[in-house]
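See the structures that follow.
Next come two complexes built around subunit A: one with subunit B, the other with subunit C.
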Partner chain A sequence: MSTVTTSRYVTEYDAIAAKLPGQNLPWLQQLRKDALARFSANGFPSPREEEWRYTNVSAIEKKLFSPVLGFVSHPNLQTVDADWLKSQQLEDAWSVVLVNGHFSIDHSKLDGLPEDISIMSIADALVGAKNFSPLLETYLGRAVNIAEHSLIAFNTAWFTDGVFVYVPAKQVLAKPIQLLNIVTEADAMATTRNLVIVAENAEAQVIETFAGLNDAYLTATVTEVFVDQNAQLTLYKLQTESEKAYHFGGTYVKQAKDARFTHHNFAFGGLLARCDIHTELDQASECELNGLYLGVKRQHLDNHTRINHLKPHAISREMYKGVLDDRARGVFQGRVIVAEDAQKTDSLMNNRNLLLSNEAEADTKPQLEIYADDVKCGHGVTVGQLDEKSIFYLQSRCVDEETARNMLTFAFANEMVDKIKIKSLHDKVLEQVLARFPQEGVEKDWL
Partner chain B sequence: MSASTQEINNLINKSYKQGFVTELETDTFPVGLDEAVIHKLSKVKNEPEFMLEYRLKAFRHWQTMKSPEWAFVKFDPIDYQAISYYSAPKRKEDGPKSLDEIDPEVLAAYKKLGIPLDEQEKLAGIAVDAVFDSVSVATTFKGKLKDAGVIFCPISEALRDHPELIKQYLGSVVPHTDNYFAALNAAVFTDGSFVYIPKGVRCPMELSTYFRINAANTGQFERTLIIADEGSHVSYLEGCTAPMRDENQLHAAVVELIALKDATIKYSTVQNWYPGDKEGKGGIYNFVTKRADCRGDNAKVSWTQVETGSAITWKYPSCILTGDNAIGEFYSVALTNNYQQADTGTKMIHIGKNTRSTIVSKGISAGKAQNTYRGLVKVLKSAENARNYTQCDSLLVGDKCGAHTFPYIEVKQPSAQVEHEATTSKISEDQLFFCQQRGLSAEDAVSMIVNGFCKEVFKELPMEFAVEAQALLGLSLEGSVG
Partner chain C sequence: MLKIENLHVSVGDKPILKGINLQVKAGEIHAIMGPNGSGKSTLSHVLSGKAGYEITQGSITYQGKDLTEMPPEIRAREGIFLAFQYPVEIPGVSNIYLLKAALNAVRKHHGQPEVDAMDFLTLVKHKVKLLEMDEKFLYRAVNEGFSGGEKKRNEILQMAILEPKLCILDETDSGLDIDALKVVADGVNSLRSPDRSFVMITHYQRLLDYIKPDFVHVLAHGQIVKSGGPELALELEEKGYSWLEGQVAA
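So, the complex of A and B:
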């Protein structure tokens, strides 16, 4: 995006600024002001920036999506089909619903939630509900800086609401928490900011799901995550936006000593979707990042991960797989940084891509940046085809070639699906994967 | 394991033997760069008119460009007006006709470097073009090569004698608009080697250019152009050294290789420019654009480089695989020590069908050095059944150095198979222990492990260079270690 002309979003900002949450908080006002200044100066990220080399988001500037304002806690959902909404909610989880970027208490299911666990609208938390305001001041904007890139600044200046999750020390959550993000209006933009804090020795599972009606809209969400000492968080992200939608979802994690963080990223929807997962590891902490992106038609799916080893003895594992058909383009950028102090780091990154059509494209950029010497780091990338020998083997067992190919392609993707530990989510993801393999022979007894 | 760390340091901290200065009378342009300098340069070199225009076009384009900042290196901005763009040993009117006419000081300098320009000497199997600062001082075995039809001469001579080849090929692989340093080079390049191997000829001997920077406050801008016509074969070696000085000197070269149908070019470099002292003072900035175009079917280009010198190395020998079944190879060992910085790698652009490329990169980082592999593998839609294999390994010695791997992989063709693998580690204590337990000293063990680490690349080097390369890494031959 040109740096000379100010983004049209900036000119619209004054009109909406007063309606954004946190008006009475000077620190947040300052944060928003800085973010706005940064965004005005730079506009949306351009492919000339190294981290955005393969992804051009200039369409977002051209479209001019507008935030949905005017209702805060009771959005009008008459236009939304109740059955459809229900189908998006997982039955074995506590779920909260964000409609067009606003927390909807009416549609949320939080019955049976232990009292000391907080799941609430971040707008409510900012105005002082349960006295969380000081905590927010300490944590908001700490896992990611607005200088990171313009979409962070954009989210910081524009966010309308979000979810605040606080799991106190030693609490082990019985059920996962689902954050269901839906957009129901054409040309709307849903800018949400989530904050997840898992305190010492606690354990939680959070599922972010994204869905929308069949319109063009923009989701720009940022989730900041703090996993305290010896705590454990498993975060799932299922992105099934409408096929005309634009999606940006950033997850920024800070792990304390011995903290464990696992992320499963399923990028299936959207016309253009970019996902950031950045994590910082402290001493002996562990992180595992898994991802699957399935691109069809003209989809552009970009996954950007960064693992920052700051202290010794941390372990990181990463596996991203992509299947690209039609004219889809898959991008993987993975970066592992090992700081000078981070001796005995053990890190492994893998990216595997399967191209199914002549028009599909895979761009991948795994990076290792190492400043310590006593480390074990590796990465591997492949882009290619199914193994001919495996196909031959199946054919020799009386499976016809097309079925063999379908089986192997499905198996390639299913490896990532099988890592899901939550039954209802597993089934939902599997359903999505199968929907993308309509060919005969996949959904068979061998499943 | 402090004892073994000590051994490694001893091995790596060898002094720079080529750091002497030769006292010479020289013709040197005053510092500064403008169009007048380019006019003067072109005139001194007695160039045809079209070259002057080419230079001026490049210079005007260069003025519109900005110095690139994306590489993983740090250095103060270069003052291009503080550099002299031409320096040559003083010589008689028409330049040396035979070795007898070359300044004996220059000959002595090359002798000291172990590059005898005397054709009767031991290295008789190699034809050498010796480039001293801005000019080529001697080219050996011209006669013998001429019999085979091979043209091997300084590029300034080729500009006068073979303008048709120059017009056709110069800038066709690296256009003057390519990048900042290529544009600068196109404007002010002074000398370099020109090689043309005619159809079906296998070059009877290895060709070699030895670059030497001697004068202070100069930049060396050399230009090498190698054309291998259909079915020909050539192996070319390049070596470089410079005196030890406190100031940084700029070396911005452009190398273009063109391989036509069924031709093979093997290009080997042992780069040993002065790397600066232990505090990171001085040394050469080595900003080089090297690119090969496999224009014909079945053409093959193989780059092998051993990078041990230079304060900053910034180069990406690349292959454009245009012809069907073309092959590109890149083998590299990059050693950085003290405050050296290297950002090096390759680009493989697959355009033709069944094109194959292999990348093997070994980085060794010691002291406070930063060593980066940066590579691009691009498979275009037309490149059916393209194949790439990339392996990047880094070895870390010491806890203050950095090793980085930045590969870019872009694939637009589903039948392509692209593999990339990278590892980073230090010499494992288990390996050292195993060797010592078998009766090897720590020094021999380290030497053997490092040597083994680089072996895949060294075996690609021509014999003489392989020996030099191993010596450069401060390692004895594997055989002598047992």
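So, the complex of A and C:
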């Protein structure tokens, strides 16, 4: 039996603990204490764990990133280039900015937000703004448990701030909400915890974007999501961290009866990035998980999804695509669990990988665990190169080989981009796709 | 237009074509018939420049130029069009985008400016009507989910837009019902002109009822074993191929 040496993060914890939000809340103190104990015992996840076998995170322990502390809701943004910040914000959305793990009210644009909809710093919500504290006590840590894996424990013990979004019953949001996460300091860690609640019959769209200056830093973020009965939420994640950054992001969802949840995951940035999307489906609820990971150079992009069908008649659809060039490595582990009670489940999971270089690698592992007997479940995975027949067909239609390859690569990725319903986000993602792959001959006004 | 002399082609170590001689003049329609495995499709692939075929002997000259060293896209821009037996589905690339990219590549090759977007749309819509296609096909991904007939029509649409000089039709009639065959044949016939030639590769004589060839050649075991006029096709229909296969390398 191997012993885990105490993480250096744990040794540093006492010095920062007093500055973390929620000191006056016994329930949160207990939660953080349990999380810290859990993390102390286990350290960061090891490749020996099945869910982490393709992804080695030991670099985070070696680097020792530090939380940025000392302010709550007014981080110093003088070092951030205003134009760059603006380029990250979507025009047609309400947006809030989190800088180095702290909510910045100064840079948020919430004009015209209906009064009964709350978008606020979770640190503020915890200290009693609008009496949300009891609600937070009920929901925080309920969509994901610290036992899930030790990065959840890490996030729970260390989170400095985050966003709390509450959409009350029957509200249909006129604009999407953007949660823009940026990191501006080298060796910083941004540990944010978000909570999104969409109450009965309400509808909302939320966009999480991640970006940073060209430094090594760590993002460790957890978003808990509750989609209540007959409510709808579309959640987009655009991860464009710096090429030296480490990103660990988890989205954990609970869907009530008849709730609909759609997730679009664009994993483009970071040196090492891991994204977990878990959802639990109640009766007749529906979920759609879409993903696109584009790896170049030596990027390692890991995506884990888990769809848990708990009750009958729920529908899940999943399509993840990966394009990997140079020495990049992509990982997809998708699990679908159908409980004994979840009869008439209808589930389809797909993962398609395109390798553009001989040194690129894709590891794909779909898992179906079915305990009910009357279900329709399917899955398919492919790992391949561009189809030579298609290249020849395009060449025979006057297109040169390089352009043909670019067209086919772009077309492969564009299928996922085309699913985006928000114009400004669509254009931004498209721009990112084109920036990552040679697009000689591929026109932007793709007809 | 096209001159093939003593063409020998191998795939790996296996010789497929063993000394083909064929001359196609401007405006002519040649039908190449033959049983399965005779080398018909190999000939069409070699003419269009598909990889994987080795020319071990002989020459192919197109409009006075050596074709053998030309990449497929240059052949296409120079006016050679292959209508595929099995048109390839290209998800994510719309039909109209490919048509525009192809036409512009040809124009650029000939030193002409890119086509005006409005003119292009007018041209495409006109041709679509001619081929009795639905305009919505233009905005769908290339051949994706198309029926056999729709795919073949789409090939002819591309041909009509690109206005090639040498059209190679590889088993264009396969998988078509009689109505679709008529539409495709009408499309081809409307493109006949004194400066455009056709090479039709076909197993059956049926297509030749609708597109009348000037010459018919029979390919067997990698060689042209008999050439003649349209009446040869009728003879084949009646007698089959076996009476000719004995004549190899006679």
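The rule is short, and it goes like this: the second predicted complex is superposed on the first by the 439 of 447 C-alpha atoms of A that agree within 3 Å, B and C clash if a C-alpha of one lies under 4 Å from a C-alpha of the other, contacts with A are read in each partner's own complex, and residues count from 1 in each chain.
Please note the rule applied: contacts are C-beta pairs under 8 Å (C-beta built on N, C-alpha and C of every residue); 3 or more make two chains touch, one makes a residue touch a chain.
Given the structure is predicted, the values throughout are model-derived calculations rather than measurements.
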{"item": "Simultaneous placement of subunit C and subunit B on subunit A, clash or fit", "value": "fit"}
{"item": "Partner chain in contact with A:Phe392 - subunit B first, subunit C second, else both or neither", "value": "second"}
{"item": "Broader residue contact with subunit A after superposition on the shared chain, subunit B or subunit C", "value": "B"}
{"item": "Subunit B versus subunit C as contact partner of A:Asp400, first or second or both or neither", "value": "second"}
{"item": "Subunit A-centred angle between subunit C and subunit B, computed on Cα centres after superposition, in steps of 10 °", "value": "70"}
{"item": "First, second, both or neither for A:Asn214, with subunit B first and subunit C second", "value": "neither"}
{"item": "Which superposed partner A:Cys377 touches (first subunit B, second subunit C, both, neither)", "value": "first"}
{"item": "Subunit B versus subunit C as contact partner of A:Phe412, first or second or both or neither", "value": "second"}
{"item": "Subunit B versus subunit C as contact partner of A:Asn131, first or second or both or neither", "value": "neither"}
{"item": "Nearest Cα pair across subunit B and subunit C, whole Å", "value": "15"}
{"item": "In the complex with subunit A, residue positions of subunit C that touch it", "value": "48-51, 71-73, 76-77, 81-82, 84, 87-88, 90-94, 96-98, 100-103, 105-106, 109, 139, 141, 158, 162"}
{"item": "Touch list for subunit A against partner subunit B, complex", "value": "50, 54, 340, 343, 353, 355-358, 360-385"}
{"item": "Subunit A to subunit C touching residues, read off their complex", "value": "387-390, 392-401, 403, 407-408, 410-412, 414-415, 441, 443, 446-447"}
{"item": "In the complex with subunit A, residue positions of subunit B that touch it", "value": "70, 379, 381, 394, 396-426"}
